[in-house]
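Next come two complexes built around chain A: one with chain B, the other with chain C.
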Partner chain A sequence: MSKKPKLLWLQSLTCNGNSHSFFNHSDLFSILSHFELIHFPLIDTKYTLEDVLNKRVNCDILIIEGSIKHGLEKCGVDIATLIDYYANEAKYIITAGTCATFGGMFKEYDSDNINGFAFDRDKAIDNFSKFRKKLISLPGCPIHPKWLSYVLLMIANKKNIPLDDKNRPQELYSITVHTGCVRNEYFEWKIDTHGFGHKEGCSFYENGCQGPFTRGSCNKILWNDVSSKTIIGTPCFGCTEPDFPKERLFFTKTNMGIPQKMPLEVPKRAYLTITGVAKSFNIKRLERKLIEYNNDN
Partner chain B sequence: MTKKELKRESIIQASLKLFSSNGFHKTTIPDIAKVLGMSVGNLYNYFKSKDILAKEIIKYTSEILGQEIKKVNILDISSEEKIKKIVELYFKMAEEKPEMIEYFLRVYLSHREVFSDGCEGMLCVSGFVTEIMIFFDDGVERGELRDQDFFSAFGLFMGYLGGMVFLKGENILPKELHEYIDDISKNIYNALKV
Partner chain C sequence: MIIKKLIEKVEGEANLSFEFKDGKISNVDIIFNIYRGIEEILKGKPTRDALVITPRVCGICNHAHLIASVRAIEDGLKNNSLEFTLTQKAKDIREFTLACELIQNHIKWLYLTIYPYLERLLKIERSDNHTLKASYIANTITKAMAIFAGQWPHSSYAVVGGVTCDPTYLDTIQSLSHIEDAIRFYEKVVIGMNLDDYLAIESISNLDKLGGDFAKLLYLLGKNEFAKIGKSFDRFISFSDSHISKKAKSIITTVSAVELKFVKEYKQKDSFAKGVKYKNRYFEVGPLARAMINKEPIVKSLHKKYKDATLTRVYARVHEVALLLKQTKEILQNLDVTQESCVLDSKIDINNITGIGTVEAARGSLIHKLEVENSLIKSYDIITPTQWNLSNNAVAAKAMIGLDSEDIASFVFRTFDVCSVCTTH
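So, the complex of A and B:
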């Protein structure tokens, strides 16, 4: 018998985004070699889906993908009840993605009856107090494959994972998406990007970037190991937050030109004082194009 | 405050009055030293030049005005009521300490060459401008004020008040400033409301 931790991945209401994201991990099979894979939607295992549905398997780590709706049947089985069964079995429960964690995109369809596994948006529900000691929240739409591999390898190596008040790993969620963004200098000097996809300027002032108030490590652990949305000139949509998704994602809501939402835990008075000072100077280098293209290149 | 800080503030207050009443260029460092009963050399220990003193004064007045507006901002009252309170405190300051407002109008705005290096943009008036931003932001957030460009609203509010104090300083206004509070508050609110 294998002594490796048994890994079971169950899907509820989901677009499969997180399983596909994890499937793209460049070291997927090396990571999975630490576990006995019971079920994962995209890889065959020695167990059948029937074995899982009929509770003929057990698991040490349960990964939940998708929002929870009680009464929802998949393959003739109440999926919430099945998740509950394995949640009681497991030593660790990982909610992979914002849907499984807070309700996410699917909650928009039926807000009263669709939730995350342990949260209704930012409010903890029964499962939180019930499973708090073994729950790890990994919000994101989707999660970065390396966020999950970090958690899995920490578990495989029997290391403690420091968590915050919503059981998110502090290693991944104690910073904001703003941390490490290559546009930080433009943010400091309050220089807007005019349009999308430009190398210059910050997307916080007009284009709706939520990076400064969104917990996540998108600019520390890069996507496909090379880039992030904010780096390429697209706003952060705040997909790791309990209130995701919001509306008008390419637009910064302002009150008389003042951004309505402040960087995380920054008082508006402090922000405006700094802004007034920064805007009083014109830094020529930051107003220029970084690369002057001509017709030859 | 330490003894040195108290002295520094008394220099700011004395020079603020002299600059406002006699004009920036006509007021010299020896004039200020004389009013304070201190030596010119000692005064230079506190402020190395008249220009530096001028910049410190605008920061000082802006901070005081900002602190007064902050007291209004943190009250749990409507934007309409806040406008009236801001107009009241501005005119009260203009009547009781006219040099505070006069300095802004007749020295800061009229001698840009003195302030161009070190007081660029909002650098020396941010204490006051920040509180006006907070007031506007709060008013729009509460659905009481119309969302618009910050400066179109700022100019309407502060330009209006500054203009009235300037007219009073020129002895053109037939009535005292406080007699205009009701009408002006109403005008500003009507112009800014949703």
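So, the complex of A and C:
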């Protein structure tokens, strides 16, 4: 008999994006080698989904993907009740993705009946007090594969994971998506990107980038090991936050030309002062194209 | 007699209910029962938000939804006489990332669905390496793609008028290395021969050169009657022009034009998935449909001998990977990074439009239709490829009727590359 922790991945109301995101992990097999995989939506194991639905398996770590919808059934089995059953049995519960954590995108359809496992948006619900000692929240739409592997390997190595007030790992969510963005120089000097499709400029001022007030390490631990939304000029949509998705995602709401929502915990006065000073310098290098492909030398 | 089966690991689950008469399947009901209401969620949202919402229809073909969505909005703007043309660069980058998504999809299907279930069905020795192979390609190809799209899954980098990225040659060269890795894998592991030599094969008589997992798969399928079973309507359709397809239909190998206005959805009893027909007839979509419409020589050669049997259908999907790999390499080698990435102002109003966007997704034609009134989405309609193939009485059902075992039928069902989350959305 294997003494490795038993890993069970259960899906509720989901697009499968978290499963596929995790499957992209470059070290998938070395990570999985620490566990006995009971069920994962993409990988064949010795158990079938029917075994899982009929409570014929055990688990030490429960990973939940998707929002919890009351009354949702698979083959006559109530999924919320089934998740509750395995949650009671597990030593650790990981809510993988914003849907499982806060309700996410699909909560928009039927807000009263669809929630995260332990949160209704930013509000803790019963499961939070019931399971808080073994709960780890991993919001993100989808989860970053390396955020999940960090949590799994910390568990496998019997290490304590420092968590914040929503049980998110501090090592992943104490910084913002802005941290490490390659456009930071443009943010420092308050230079907009002027539309889409430019290497130059920051997307915070006009294009709706939520990086400065969204918790997550997308620009510290890159996506697919190579890039991120903000690097390639797509705004951060705040997909790790309890209120994802907000509206008008490609526009920055402004007040007299200044973004309405400030970088996390930055007072508006401080921001305005810095902005005024930074903008007054008109730095030519940052106003120019970075690369001139058409010069002849 | 009725036998019910839960089909799992098909991007969610499907419930099949087989009705047997005289030992043979006489009817199959295909039931998908998880509904997320994406079209409802889109109602009342600002138009551009669709580019963030629609990818969440599906974890494996999210990118196809993004491209269909941006095309629908662009079509609507053009219908309102806004004149603009995407740069070749923006078009190429979109085609590139789309092709990458198809490649990971087809390879995952080959190694995570087809091989494991065929081995189980035939009770032959099972290989542990399938998952490893699928993981290698998924990882490699999504790297190549994320250099342009920022991430996979759930990128929203295609915006109205182009793309948000402005790549350098540093980016294209790095991406090309990943594509070359994927090509090397396909050559060494999947086809056991050089890609260009493989693509030069035009008839079954030259298929003896084929090696690798593909040759082994064809051998197993041929030996076990899959060259004879799984036949369906032999009618194919595609709604998007691309490297691998044309907007057309193929009936008894005659290719002719199609018009979107003849596509009609209808409600199905006991299922959240809607059915869809063209001029009141069922059509197959997907790699086999694209190859038949595009008159791909080797697929036509197989079709001539085996018609639309399971073997031909499986062949077309693995073969399409070769076409896509060659396409991705050529796009990167020729990409002119000096052109504009996006030709439209990011703030242009999208007030009152009606538009349709089509794209060839891994499983076939994907159609997005939207109506915008006073800058908000009034209605949004998504017709997914699996609705064409997997509705009751439609293509997959017909392919299973007449078989004498629900296990064999379930395998035939899987060869359509089922996507449960897309079907219901």
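Observations, loosely collected:
Quick note on the criterion: the second predicted complex is superposed on the first by the 294 of 297 C-alpha atoms of A that agree within 3 Å, B and C clash if a C-alpha of one lies under 4 Å from a C-alpha of the other, contacts with A are read in each partner's own complex, and residues count from 1 in each chain.
The criterion applied here is as follows: a residue touches a chain if its C-beta (ideal position, glycine included) is under 8 Å from a C-beta of that chain, and two chains touch if they have at least 3 such contacts.
None of the values given here were measured: they were computed from a predicted structure.
With both structures placed on the common chain, the touch criterion links A:Gly276 to chain B but leaves chain C unconnected. The partner of chain A that touches more of its residues, comparing chain B with chain C, is C.
By the touch criterion defined above, A:Asn224 reaches chain C but does not reach chain B.
In the superposed model, A:His25 makes contact with chain C only, not with chain B.
Note: no residue of chain A belongs to the chain B contact set and to the chain C contact set alike, using the contact criterion stated above. On the chain A side of its complex with chain C, the touching residues are 11, 13-21, 23-26, 28-29, 41-44, 48-50, 72-75, 105-106, 108-110, 141-142, 195-199, 206-207, 218, 223-234, 237, 239, 245, 247-251, 291, 293-294. Note for the complex: chain A touches chain B at residues 254-258, 260, 268-269, 272-273, 276-277, 279-281.
Partner chain A is touched in their complex by these residues of chain C: 6, 8-9, 11-13, 15, 33-34, 36-38, 40-41, 45-46, 48-49, 51-53, 56-60, 62, 90, 108, 112, 116, 131-132, 134-135, 138-139, 142-143, 145-157, 159, 161-168, 174, 337-338, 340-342, 345-347, 421.
Residues 120-123, 126-127, 129-131, 133-134, 136-141, 145, 147-150, 153 of chain B are the ones that touch chain A when the two sit in their complex.
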